[in-house]
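One structure is given below, represented as structure tokens, and several questions about it will come after.
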Amino acid sequence: MKVSIFRRAHFNAAHRLHNPDWTDEKNMEVFGVCSNPNYHGHNYELEVKVSGEIDPETGMVLNLAWLADLIKREVEHRFDHKNLNVDTVEFKNLNPTAENICVVIWQILREHLPQKFDLLVRLYETPRNFVEVGH
Amino acid sequence: MKVSIFRRAHFNAAHRLHNPDWTDEKNMEVFGVCSNPNYHGHNYELEVKVSGEIDPETGMVLNLAWLADLIKREVEHRFDHKNLNVDTVEFKNLNPTAENICVVIWQILREHLPQKFDLLVRLYETPRNFVEVGH
Amino acid sequence: MKVSIFRRAHFNAAHRLHNPDWTDEKNMEVFGVCSNPNYHGHNYELEVKVSGEIDPETGMVLNLAWLADLIKREVEHRFDHKNLNVDTVEFKNLNPTAENICVVIWQILREHLPQKFDLLVRLYETPRNFVEVGH
Amino acid sequence: MKVSIFRRAHFNAAHRLHNPDWTDEKNMEVFGVCSNPNYHGHNYELEVKVSGEIDPETGMVLNLAWLADLIKREVEHRFDHKNLNVDTVEFKNLNPTAENICVVIWQILREHLPQKFDLLVRLYETPRNFVEVGH
Amino acid sequence: MKVSIFRRAHFNAAHRLHNPDWTDEKNMEVFGVCSNPNYHGHNYELEVKVSGEIDPETGMVLNLAWLADLIKREVEHRFDHKNLNVDTVEFKNLNPTAENICVVIWQILREHLPQKFDLLVRLYETPRNFVEVGH
Amino acid sequence: MKVSIFRRAHFNAAHRLHNPDWTDEKNMEVFGVCSNPNYHGHNYELEVKVSGEIDPETGMVLNLAWLADLIKREVEHRFDHKNLNVDTVEFKNLNPTAENICVVIWQILREHLPQKFDLLVRLYETPRNFVEVGH
């Protein structure tokens, strides 16, 4: 029987949306105020879902303490209180849209998670705008 | 890689549940106080999920501003501060259960969304009762 | 030492804002879409605060089960799944604005509450619009 | 067209995580403070999803009042204000991890639900830690 | 100008309501299922409000990191994953009602907070039942 | 009888905490990661409370549509998707702590609000850290 466990975490970061191959007018037309050159920011809320079988010895799919720790070490420490465009290697050349941030977080966590588990990552940029990657 | 984006919106409306082929007793038996002839109402909370590939130029599946606008124009303007049974063509002859409202909204949005995208619509009638249509 | 206890409850109702002494144009100008003649509705969320001394025998200001029961009997049963303008005596001749509904609920509860307790009532019409009466 | 309906409920319970085949040290190492011998507790929040076709006569997949009742009778009455390890037959010999509680609730509800419906159960142990069973 | 800062925290604990001077019948009559002898539990949500003047050098009333730390050290470490009736000295002879827990937390924090600040503590036993102490 | 109305709004902004009279070390010591030179950001959630008498003609303390508009024009347009330290005149020489931002918003709204009304402003920097100004 497939069971999923979820863990929520959050980080606060600054960013701007910008395509360097475009003119400022094109950037403003597509990204609107999100392309403001001096950045704005968000309380990013992260929801990580890991699916697998229950281990009969522990009664758990995966120790949530281990997962919370992995997220803290690999995601929160990397992005919390940072300027995504300026302070991180991941978004030096990648537009930090919610979609791209979510894909990057999925890739980071996927590497550290045993292959037998499925992984889905949801990222809230605001309570009304959010994205999801994986299955 | 499949990525999903979500947008939340809301509208406030009156409605009653009623099957005109049934007696009042049968309506009360099946729908309870929801069949009160003078209507009651809800703060409907809507969650729209669109899935597709990330466009490498924008870093987005779909511009969320475009989606927010579509929802405002096609759903909020149509149903907000309305009596669903009386003021709308959609529910003149269709019982406005949460399920039916959700299907109608899914159909409206499906027509305006390019076919390459998947669409799922979730509708909260209250924080404890909600429905979902699509995939 | 003054201690306060809070209880939350909710009811779903239809209403419209309307001043019968005004023209339809004036009503529309002041109340906007809220004056739609066929009603709209809300999930009203109620928060009741009662303040007093802790009874050393029970460790409670007031038994929350008693308060929850009072709210159910006197407020929820009266207004839930009703059309406030049509189905209730309280709003036959009183405009059911959030402010007036909140005052009416405060008056109803005040009558049933021993005088030694203070009473404050908060009413959410939506998560973003709410009102408060009492102290 | 597949439609899903959701109902939320909750219950408050005490529990501890413990594998009787392990030493106290091993229990503490794996379960941490969750293995405290005198128990701790949670406000468990339950979300039940039932999927099927809309019945054209009622406009509903399933009467939500029936589902709310089923959950109250079979889940809330069984587990609310209980010590899961001590007061319930289900967890006399089964470690009450969020995963196992969720599986047990899924099995209980599955038995009472007509086979044509799909069932998914989500259980929040805290707002940041939760699990899901079914499809 | 008076300014207030707030910090939220939480702890998960087991408890039962019980007056040892009463018979079991009287306890059950007053406290209902909350007096279950084997305990139940809650996710307690704590909200601490500190009021004072803004320090012009820091632009802060009080360093929120210091306040968060104080709450973690003095409240969370003391009560998290504990059985309040059994594992704590504070409730050995004091009924752990929400009111009494809130007063105890207020007293603990009051001792560590400079006298120039006002202190108010709100404690959620559930999202619908909560209490407040202080000003 | 005193009645209060509340309106919630939000804006997303970047900021950093910094006292230019201090060394970098002192700034880091007091403000921690919040003093990161390249900024971070938040989804600021704003709650505005206006208290006064109910106008018997409208049944309202103040037209919430007018208040929502005032907040949009004077607060959201000024701060949304901005870098508070760089893009605003208000925080050119004032440290944008939550306390100072809240005082500035209180002052802006106070000027536009008739003197007979009381005003209280609450600002959430995150769901767990927030501040309040006024009465």
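Note that the chains take the letters A, B, C, D, E and F in the order they are written out, and that residue 1 is the start of every chain.
Here is the rule we go by: a residue touches a chain if its C-beta (ideal position, glycine included) is under 8 Å from a C-beta of that chain, and two chains touch if they have at least 3 such contacts.
Predicted model only: the values in this text are computed from it and were never measured.
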Tell me the fewest steps from chain A to chain D, where a step is a jump to a chain it touches.
1
Quick check on chain A against chain B: do more than half of the interface residue numbers occur in both copies, making it same, or fewer, making it different?
different
Which listed pair, A-F, D-E or E-F, reproduces C-E with over half its contact pairs identical?
E-F
Chain centre separation in whole Å, for chain E relative to chain A (CA means)
34
Averaged over CA atoms, how far is the centre of chain B from the centre of chain D? Could you give it in whole Å?
28
Distance in whole angstrom between the CA centres of chain A and chain C is 41
Counting only residues that touch at least two other chains, what does the list for chain A look like?
127
Pull out all the chain pairs that touch, please.
A-B, A-D, A-F, B-C, B-D, C-E, C-F, D-E, E-F
So in the complex, the part of chain D that touches chain A is made up of which residues?
17, 19, 30, 32, 94-100, 102-103, 127-133, 135
Residues of chain B touching chain C in the complex
10, 12-15, 33-34, 36, 38-43, 80-83, 86-87, 126-127
Along chain E, where are the residues that touch chain F in the complex?
1-9, 49, 54, 57-61, 63-65
